[in-house]
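Presented sequentially are two complexes of chain A, the first with chain B as partner and the second with chain C.
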Partner chain A sequence: MSKTATLAPAAPKPSFWRRWRFHLSALLLIVPIVYVPSYFENLALSRGLMGLGQRPAGDVLVGPWKLQFAEWKVEPPKSDPAGMVKTFTMAQCAGCQDQIRAVYLRVGKPRSLRAAGSIFFGSPHRAFATVPIPPRTAPDADLWITAEGWDGSVHQAPWPIATASPATVEWLKKQGASR
Partner chain B sequence: MAKPSRSKLWFLVHSWLALPIWIFLFFICATGTIAVISQEIVWLINPAVRAQAPDADTPRMGYQALMDAIAKQEPEASVQRLSWPEESQFALSANVGYPGARFTSIYVNPYTGAVQGPALSFDLRQFMRALHGWLLIPFTNGYSWGWYLVSLLSLPMLASLVTGLVVYKRFWRAYFQKPRLRVGQGARIFWGDFHRLSGLWSVWFILLISVSAIWFLVQAVLADTATTISTQGVPAVVARDEVPTVTPGQTVKRLPLDEIVAVAERELPGLETQHVFFPGNAYDPITIAGRGAYPLMFQYAKINPYSGKVEELRRLSDRNGLEFFTESMRPLHTGDFGGFWLKLVWFFFGLLLTMMSLSGLLIWTKRTAQATAKALRPARADRAAAREVTE
Partner chain C sequence: MNAFFANALRAGLLGALLTASAGALAHNPMAECKPEGKEQIQCTGGFSDGSGAAGVTMDVISYDEQILVPGKLDADSKMTFKRPDGEFYVLFDAGPGHVVEIDHVDIQ
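Take a look at the complex of A and B:
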């Protein structure tokens, strides 16, 4: 009997899998590392370090007031219990805070103040409104802004969806094509 | 081959529950433990957060006086919310927006009204919560999948607790015996004692943490399937005809904040006002929220800012039994309902729980190492014998 024959089967080297299998969940810790940049990007957006929203959508003159709008996130409408919705942000003109009582937004011209749409909620420097976007809306349709003064006056202005959110126009075009 | 005994089987189940995921579990326990005291860490880092009473007799300033003081020092700021700290060594915080859509928190001394500074740009508390709660994965459509990943850990955790108690023969007797933590007899003995001892005294804590985390999982499933079990109605609004109309140039009359808080405290006896949410528009009432006799749940009153009329009340008695359970889960998980010392208790047991996933692994590897050594020993003996024969 040779020496080598007795020694060979003594200690099989543990395979990579056997050695590391209980530590493989460490790979899950890569996930938060990957998401660090988007976490801070979201934080910067909510703190307004990127402005009013992800995409500035210009100023609209509604009656005597100049309101500044933005698309909160550049993306197509999102599903919600209320249907497909899209969120916009608005900032009032400097010093208008004591004049403007409320601002509303909806797709299509409202028939009355009661049907003016979603009311903006937040601060005079950034208020949010989440607006239902009916999938059958024509891509060239308008959003309508209704502003109500503390003196009871009501002013309206159209705001093309194309200006407000090109991503929504793209989405509407796709809705039309698939119909 | 003999059938493995039942306790041996339970032991194997206990080992295998956490073993394959121990690093992930360790990470979640560790970040959660830090999250418990993150506010206190911020207190150490940022002097603006601290507020000691100048002396024992100095009372806190009134609500409106504080608002006026903020307005005087920060004329551009629009205050969205005021939050009084749970602990007296903290300044109160005001969420404010500035022209240009910049939003931050500023810390205000409740005794002097001095604005002590803004929050640091890195919000440790929020970061630790996001890291622990959903691995920083954003909530885009419904709950973040990180939330699911983390809350799913509650299942092996609860199962580990149950199987751990099953394999710990007559564990209840250990409560009356001298605690055993043998140091100096090798790592295997030490970590084994540690695992058993901390498990024994953490039963209540592990139960709280895992059951509340199971609720977090259920909560996400309910939300993502648009199922509601809440008795809460739609938020109240101020009726159109109760919102004043003023001629241009005049200012809208609103009640002083102290009066509104007084209405809330009258309607909700025992209320300790902790948060004031200012209206988001002209038709939105002002919300006064705080804890009462039952420290785990918030009560609130929504009040018409122009007239002081109560628009909505959410009392303890408005909740059903199920809501008492579900709404108590979050504070029981975080330990933030009883001040600093309670947080320290949560922190301590959080540390033990974190170490349990590590000690569990160490016991396993030491035991496996020993078992391997034992298995190899006869082979070595054979080899030695073979050597003797050949030489």
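Take a look at the complex of A and C:
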């Protein structure tokens, strides 16, 4: 009796899918690698290795205090349930930490200390404020910084949006053109 | 078939882990006012994470900084008041730096 006669018939030719699904699984591993650089960039930004923010926006003298500002991410305002918002970061001058109680930021001059805008929260070395940007804001408008001292003093300073965030100015211009 | 789902789950989890970033969880204050009938105005407050603002202060203030209607939001995070004469703004005040200002010209 021949041995070949007892062998099982040859396996059917694997289908296209069976042949390629292994390679597809490798693709699933490779696709996330595309996002790795931006992942590490985000991580470095969060850890402060890239400075105060993606784009340093200079110092502003508010009363006796020199505050250093940055645009957290170089991008137009983001959509939020509270409207279009933009995040800035701020560091207080060395030696000011014990004097400053709070720093606020808003578009346009505040009517009162109560309505001074969004508060900067975080450490004196890097505090965040997320400011609503009304879509009707003129591109040459100012953000206003309000700094409140522990001694009760309140100081204010304008900060042109063009200095704070050119990306926001571009966005506002487009908003104006679309209306 | 179960193995297929388990693998899909693992792949999805891996993707989620790789794309997750330390995005700040926003809880920005938000408020909106609309006229109710001819005389009344109804304002609603809340936060961008979806939570309500029952009991939070909402004041109606004239341009010369007189508080016309001192108010608190009810259990539905709403407040209704008679439209004051003259120029005013509504201030949703959930604490220092957590405010929303609505100008009277925007209430229509």
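To be clear about the criterion, the second predicted complex is superposed on the first by the 158 of 179 C-alpha atoms of A that agree within 3 Å, B and C clash if a C-alpha of one lies under 4 Å from a C-alpha of the other, contacts with A are read in each partner's own complex, and residues count from 1 in each chain.
One rule holds for everything that comes next: a contact is a pair of C-beta atoms (placed from the backbone, for glycine too) under 8 Å apart; a residue touches a chain by one contact, two chains touch by 3 or more.
Keep in mind it's a predicted model, so treat the numbers as computed, not measured.
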item	value
Which of chain B and chain C A:Ala91 touches, first, second, both or neither	first
Touching partner for A:Ile30 - first (chain B), second (chain C), both, neither	neither
Touching partner for A:Asp151 - first (chain B), second (chain C), both, neither	first
Residue contacts on chain A - larger count, chain B or chain C	B
First, second, both or neither for A:Gly83, with chain B first and chain C second	second
Which of chain B and chain C A:Pro132 touches, first, second, both or neither	second
Chain B versus chain C as contact partner of A:Arg111, first or second or both or neither	second
Partner chain in contact with A:Ser123 - chain B first, chain C second, else both or neither	first
Chain B versus chain C as contact partner of A:Leu49, first or second or both or neither	first
Partner chain(s) touched by A:Tyr39 [first = chain B, second = chain C, both, neither]	both
Common ground on chain A, meaning residues reached by chain C in one complex and by chain B in the other	28, 32, 35-36, 39, 42-43, 46, 81, 102, 119-121
In the complex with chain A, residue positions of chain C that touch it	11, 14-15, 18-19, 21-22, 24, 26, 28-30, 47-48, 50, 61, 63, 65, 89, 91, 93, 96-101
Partner chain B, residues of chain A touching it in the complex	1, 3, 6-7, 10-11, 21-26, 28-29, 31-32, 35-36, 38-39, 42-43, 46-49, 51-52, 78-79, 81, 89, 91, 94, 97-99, 101-102, 119-127, 149-152
In the complex with chain C, residue positions of chain A that touch it	28, 32, 35-36, 39, 42-43, 46, 80-83, 85, 87, 102, 104, 111-112, 114-121, 128-130, 132
Contact set on chain B toward chain A in their complex	19-25, 27, 78, 80, 97-104, 123, 126-127, 130-131, 135-138, 141, 146, 149, 226, 243-248, 251-252, 280-284, 361, 364, 376, 379-380, 382-383, 386, 390
